[in-house]
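Working notes, structure below.
Chain lettering (A, B, C, D and E) follows the sequence in which the chains are written, and residue indices restart at 1 in each chain.
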Amino acid sequence: MKRLKSWLPLLSVLLAVGVDLWLPDSPLHTPTKTKYFLWFLLILGIIFIINIIRDNLRKTKDKNFAKQAPFYAVLILLLNIFNLVSKKYALLPVIFFPSIDRVFSVIVEDSAFLATCVFSSAKLLFAGFAIGVIAGVITGIAVGFNKVISYWINPLVRAIGPMPPTAWIPIVLVVFPTTFAGSVFLIALSVWFPTTIMTAGGIQNIPNAYFEVASTLGAGRYYQILKVGIPAAMPQMFLGIFNGAGISFVTLMTAELLGVKNGIGWYINWQKDMMAYANVYAGLIIIAVSFYLLVMLLFKVRDRILVWQKGVIKW
Amino acid sequence: MKRLKSWLPLLSVLLAVGVDLWLPDSPLHTPTKTKYFLWFLLILGIIFIINIIRDNLRKTKDKNFAKQAPFYAVLILLLNIFNLVSKKYALLPVIFFPSIDRVFSVIVEDSAFLATCVFSSAKLLFAGFAIGVIAGVITGIAVGFNKVISYWINPLVRAIGPMPPTAWIPIVLVVFPTTFAGSVFLIALSVWFPTTIMTAGGIQNIPNAYFEVASTLGAGRYYQILKVGIPAAMPQMFLGIFNGAGISFVTLMTAELLGVKNGIGWYINWQKDMMAYANVYAGLIIIAVSFYLLVMLLFKVRDRILVWQKGVIKW
Amino acid sequence: GQQSKDTAAENNTNDDNFVLKVGYSGSLCEAPLHMAIEKGFFAEEGLKVDPIKLAPGTAFESISSGQTDAGFNLMANLIQPLSNGLPVKLTVGLHTGCDKVLVPNNGKIKSIEDLKGKRIGVPSLNSSPIIFAKRVLAAHGIGVTEKNMEVEFVVFSDSELPLALEKGAIDAIADNDPVASIAADKYGLNILADSAMDAPYKDQYCCVAYVSNKLLAEHPEAAAQYTRAMMKASRWIQAHPDETAKLQVDNKYVAGDAEKNAKILKTFKYIPSVQKAYDSFTTVAKELQDIGMLDKSVDINALQKNSFKFFDDVKDE
Amino acid sequence: MVGAIDINSVIKKFTTDDGNEITALDGVDLNIKAGEFISLIGPSGCGKSTLLRLIAGLSTPTKGTLSMDGAGIEGTSYERGLVFQNAMLFPWLNIYDNIAFGLKARNVYRKHKERVSKFINMVSLAGFEKSYPHQLSGGMIQRAGLARVLINDPKVLLLDEPLGALDAFTRMNLQDELIHLWKKEKMTMILVTHDVDEAVYLSSRIVVMTPRPAKVEKILDVNLSYPRVRSSSEFLYLRTQILKILDYAGKTEDPGYFI
Amino acid sequence: MVGAIDINSVIKKFTTDDGNEITALDGVDLNIKAGEFISLIGPSGCGKSTLLRLIAGLSTPTKGTLSMDGAGIEGTSYERGLVFQNAMLFPWLNIYDNIAFGLKARNVYRKHKERVSKFINMVSLAGFEKSYPHQLSGGMIQRAGLARVLINDPKVLLLDEPLGALDAFTRMNLQDELIHLWKKEKMTMILVTHDVDEAVYLSSRIVVMTPRPAKVEKILDVNLSYPRVRSSSEFLYLRTQILKILDYAGKTEDPGYFI
């Protein structure tokens, strides 16, 4: 059974190759010079074969690849179907739904420029995300532990929560010395909101008994916050950070309206104005992949910190 | 002490009235026909006096108004300061930071039109929010309980999480029969993401022992989900819904880019194009107030459902 | 304000119930569309319309997906999307003017030449203001191509450009009305270049009316009626700028002050022309190629032919 | 009569997070006849709770088999009720709803509604129906946990130190109730306890287990008639005998209690 | 010698969510001399844990005062260590870190590092240093909870049924350890227990409480020398006497244990 599963992605690849090779293209789509989708399938096929071999050599119980196989198979099947309805039969409006070949050709041919875009965005995103998480955790802890602080901060959280990032732009332009700082602020703010809510909520949900135990053991207020409050609220904090990670990418699009010279959000906005949707999708794919990598990294960090958690949150 | 506290807001009002009456206006600001800020302060003053009297008559321990008094006092002080730096001394760029009088004059004089905008937005928001919450809770439960579903849904969550709402516009335009449905979809999607994460996370954090107890007591899978999983994950679900509420308001701005004829997000976008920032702020104030009301409603619902929770999350 | 009285409706519409969905964005120069509704030019043609206010940046998406049937936009904005397959046809040019290059009035930048090495804020990287700015710069010998870029273009959202200028994040603005005029007015900015005033731009068509390919296929007569009504409205505006500005503000098509708007409107020339628009297209497209904003491989003549629709009964006067 | 449990060479191993293996049960053989009252006694951490969980169907043995009335145990059933070592009341339900949970889950609440107040009274929690668990004392929680399982009228009742947190008086009362119940309902009872008196007072057989990894050390028959007299010489003799075995059993693995 | 506790007419009331008032303690008077070993015995839910929490400084009385060595009790102190009824180990710390918590919190971990393994051995948890609480049995958790408090070397040790979940053998061992510790460290011990034998075996005075609302029913002096013999006649006499008082005490509020 597991053995069979491993072969599914390869099957799906072959099917996709067959469809792309033998069905005629719709004349509505501008053809690309190189058949990038075929190349992509070829590379995937090779990767899959290597993995099947590795899984079989391993001889241990956890066949990693077999586990992920159905997912890859369906993913490629979906690409295949999309290829059919776009490049092959043009069932969807051609301008909005370019062929996979076109999207990949953008990624490959524009790769140098896209790389600089990704690099600028990464700087922005990293700075904003880091500041937002740190500020959010600190505010969350303060709000969670201190009634006075929570009295003053809660209305702020409620007022800022629903504000669209674009609403901040005039203030940001006035307050911040550079537009880079302004963009960073916008991203940080969007991350700050969920991180604060979740951290504060997590702390207020900690059974009081843990603090009581700590205090009878001689822990001062400060030590209790550090060694009881924070570890106990950690799972919640991570949920807030995950939420914030998603939102930071969304906000990137707005943050890059603030006089940046390049960046992936800026690229997408620009290409969208020109109705160059192949480029827009290329940008979105890059965003999705970066987000995936960021989430994987966060998972690693979380799994290391939360070893004590048995039924760990997984999404 | 408490008695004294109650008088703070009134003091702050008087100070603001004094400033507005006796300091000369900057010539850079276009004056409004009616001094709306003064009227606003007058009304607030009356409300505060009524509350002070009510608090004193009540004779019980919980003097509600005294509790909220410092907050109101500071809020009015901030408005007063803003009035100083804008209308009185024009220290901030006039076009981007209009006087409070102007903003209030928009709210009063455009009230009929703003009301229709609020009404359309409310329809959109309500539909989107309701659908998003229901879908999010259902997906969250499915992901939380079912490994197979979580295997297929998780990658979807991770792919959708970072997508800016604008990226969906072409798909929405093609797929949905009406733009209203499309806008609702955008809002629902943005609410769906945090609700799903939080619900699934909440369920996976439930101590397994509760399910074991239920199953030895004869509860079937379905009953366990309904009567153990959902109530135990309820606090987390509410956190997700609170997050979603914030995001739904932000997404409203994008959702109302989709060929709607009015709406508060649409209004803000439009007035911003015209550089009518007084109107933009009027719109934002309406958004903030609506969000506050929604959050209060959610709190009421939550407090009713989560009576069993002692250290309830409050933000 | 949708017209309901069907006066001369019987003309020759094959489908009496057809309602044309027209997208508009609420900018000042869109006046022909607003006036065609308010002054009954659509009704005169027997055309029922449903005006749809579009948010920034969604005009092309809407018409491509059939949410709207017809629209109104800057010609320079349309050329790249057309080369990317935007399924619309231009039908007539409506007016000239409306792009400006603005600098602070502190006198450090006095001429176009002074812009060399400076940062210029634009609302988007492919709309008419940047194209106009690049054309002007190129004409003054400042490099604006990918390989030889002697200025820096940075994007800010339209309405925040003046603030960015004031805060020194940029040194100049290239933008169109109404933001350009409002900013110039409020901040007393100097206008370095104005497509409504300076030759040769003042004779080139700025805004054009267009219809979707779908409309042309299904209701060609409605497309012609739309075009004719827009032309009539355009001529009427040229004669009545003050009344136009007042109607626009009163009926909430645009924000602002009627008097000031009228002053701006008067700088545009509302002389509709099919032929001149057709001719402008090649000029603008060629310049776009020269300044590196349109792919060199695009065959401009083919694009031009493919992008226009001439109606037999729509003629320049 | 139903409720016989057969445990055949059951081995249960756990893997800790750092990869070590812990053998909790190392070949347990035990045949319990329907309607017996069995007590399990053994050192802390030897594997008693683990064994009860296996019988309840909450976990599966690493090796060996468990069966009830001849049919292999697969999953849980309300017919094998388990009173947990730490009650585990649902914090989101009040005491009434906690106790009524089993009836509602099995969809027989309407028919047996009156049982709820009967069992609330039995564990002496009348007046606390609307209280939430966090408002009760440790002993009250334990009693509610007991009532919650008893209400289901199980065929086999698994009790993991259910009376440990109770005062002597309540404890003796509930011991008598258990015997009453056992006789009336003819159910099989398997009780984990640390109180040797309790074991002798209640059970028909006492199973003494070795320290971890647990095996059955010795099985003692208690051939005394009910109600038993705690001060009778047979009672005291059995009591001493078990304490001796335990002492011995405890010493097989040197516990090292030094300060 | 330090560690005297004075409790003067202490009343403690709780308000439930639906507004009802529950009187847990209704005028408790008790003077505990430094270095005494006091046991509290009383019906389940009468208010024993509530009293310990007041002494620990975890809550404040509705009326009355509590003081230690003449100074009013305000807030907690590691000098009054409390072993909770349900251990409450920190789930995010392993056993070693749980037990070392007090030392680290008081910033003396470096100086007294060796105490950690000493106490781990004392409660016989060697080998489980790296395990997390959810991997331990109920009794092991309880033992870890005990070690976690003892490591702090408190002046007053408050014990809320610390040995309830332990097997007879471990239990007796730990009882001896407690006496050893009490004699060596000369600390005041206040033990809540349901085991009358335990109370008699350990304490210098036994306080019997009435059912809720709790008052002091009777205080008995145990004038036996250590080590005590569980089968001596004085021992058994005291035991029976207390059981009688409890029986009586239990019946003042009709418990109504019917099935």
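By definition in this document, a contact is a pair of C-beta atoms (placed from the backbone, for glycine too) under 8 Å apart; a residue touches a chain by one contact, two chains touch by 3 or more.
Note that the structure is a prediction, hence the values are computed from the model and not measured.
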{"item": "Chains in simultaneous contact with subunit B and subunit C", "value": "A"}
{"item": "Chain of greatest Cα-centre distance to subunit E", "value": "C"}
{"item": "Cα-centroid distance, subunit A relative to subunit E, in whole angstrom", "value": "52"}
{"item": "Mean-CA-position distance for subunit E and subunit D (Å)", "value": "26"}
{"item": "Length of the line joining the C-alpha centres of subunit B and subunit E, rounded to whole Å", "value": "49"}
{"item": "Approximate Å spacing (C-alpha centroids) for the pair subunit A, subunit C", "value": "38"}
{"item": "Residues within subunit A bordering two or more other chains", "value": "93, 96, 166, 170, 174, 272, 277, 309-310"}
{"item": "Contacts with 2+ other chains: residues of subunit E", "value": "17, 132"}
{"item": "Set of subunit C residues in contact with two or more other chains", "value": "57, 61, 64-65, 160, 163"}
{"item": "Topology of the chain contact graph, where touching chains are joined (line, ring, star, complete, other)", "value": "other"}
{"item": "Interchain contacts, given as pairs of chains that touch", "value": "A-B, A-C, A-E, B-C, B-D, D-E"}
{"item": "Sites on subunit D touched by subunit E in the complex", "value": "14, 16-18, 41-45, 48-49, 85-86, 118, 121-122, 124, 126, 130-132, 135-140, 142-143, 160-161, 164-171, 173-174, 177, 180-181, 184, 194-196, 243, 246-247, 249-250, 255-259"}
{"item": "For the subunit A and subunit B complex, residues of the former touching the latter", "value": "70-71, 74-75, 92-93, 96-97, 143, 150-152, 154-155, 157-159, 161-167, 170, 174, 193-194, 196-198, 200-201, 204-208, 235-236, 239, 242-243, 245-247, 249-250, 252-253, 265, 268, 272, 277, 280, 284, 287-288, 290-292, 295, 309-315"}
{"item": "Of all residues in subunit A, those that touch subunit E in their complex", "value": "209-210, 212-220, 223, 227-228, 231-232, 234, 306, 308-310"}
{"item": "In the complex with subunit C, residue positions of subunit A that touch it", "value": "30, 93-96, 166, 169-170, 173-174, 178-179, 256-261, 266, 269-270, 272-277"}
{"item": "Touching residues (chain side subunit C, partner subunit B) in the complex", "value": "23, 25-27, 52-58, 61-62, 64-65, 67-68, 158-160, 162-163, 166, 178-179, 182-183, 186-187, 252, 254-256"}
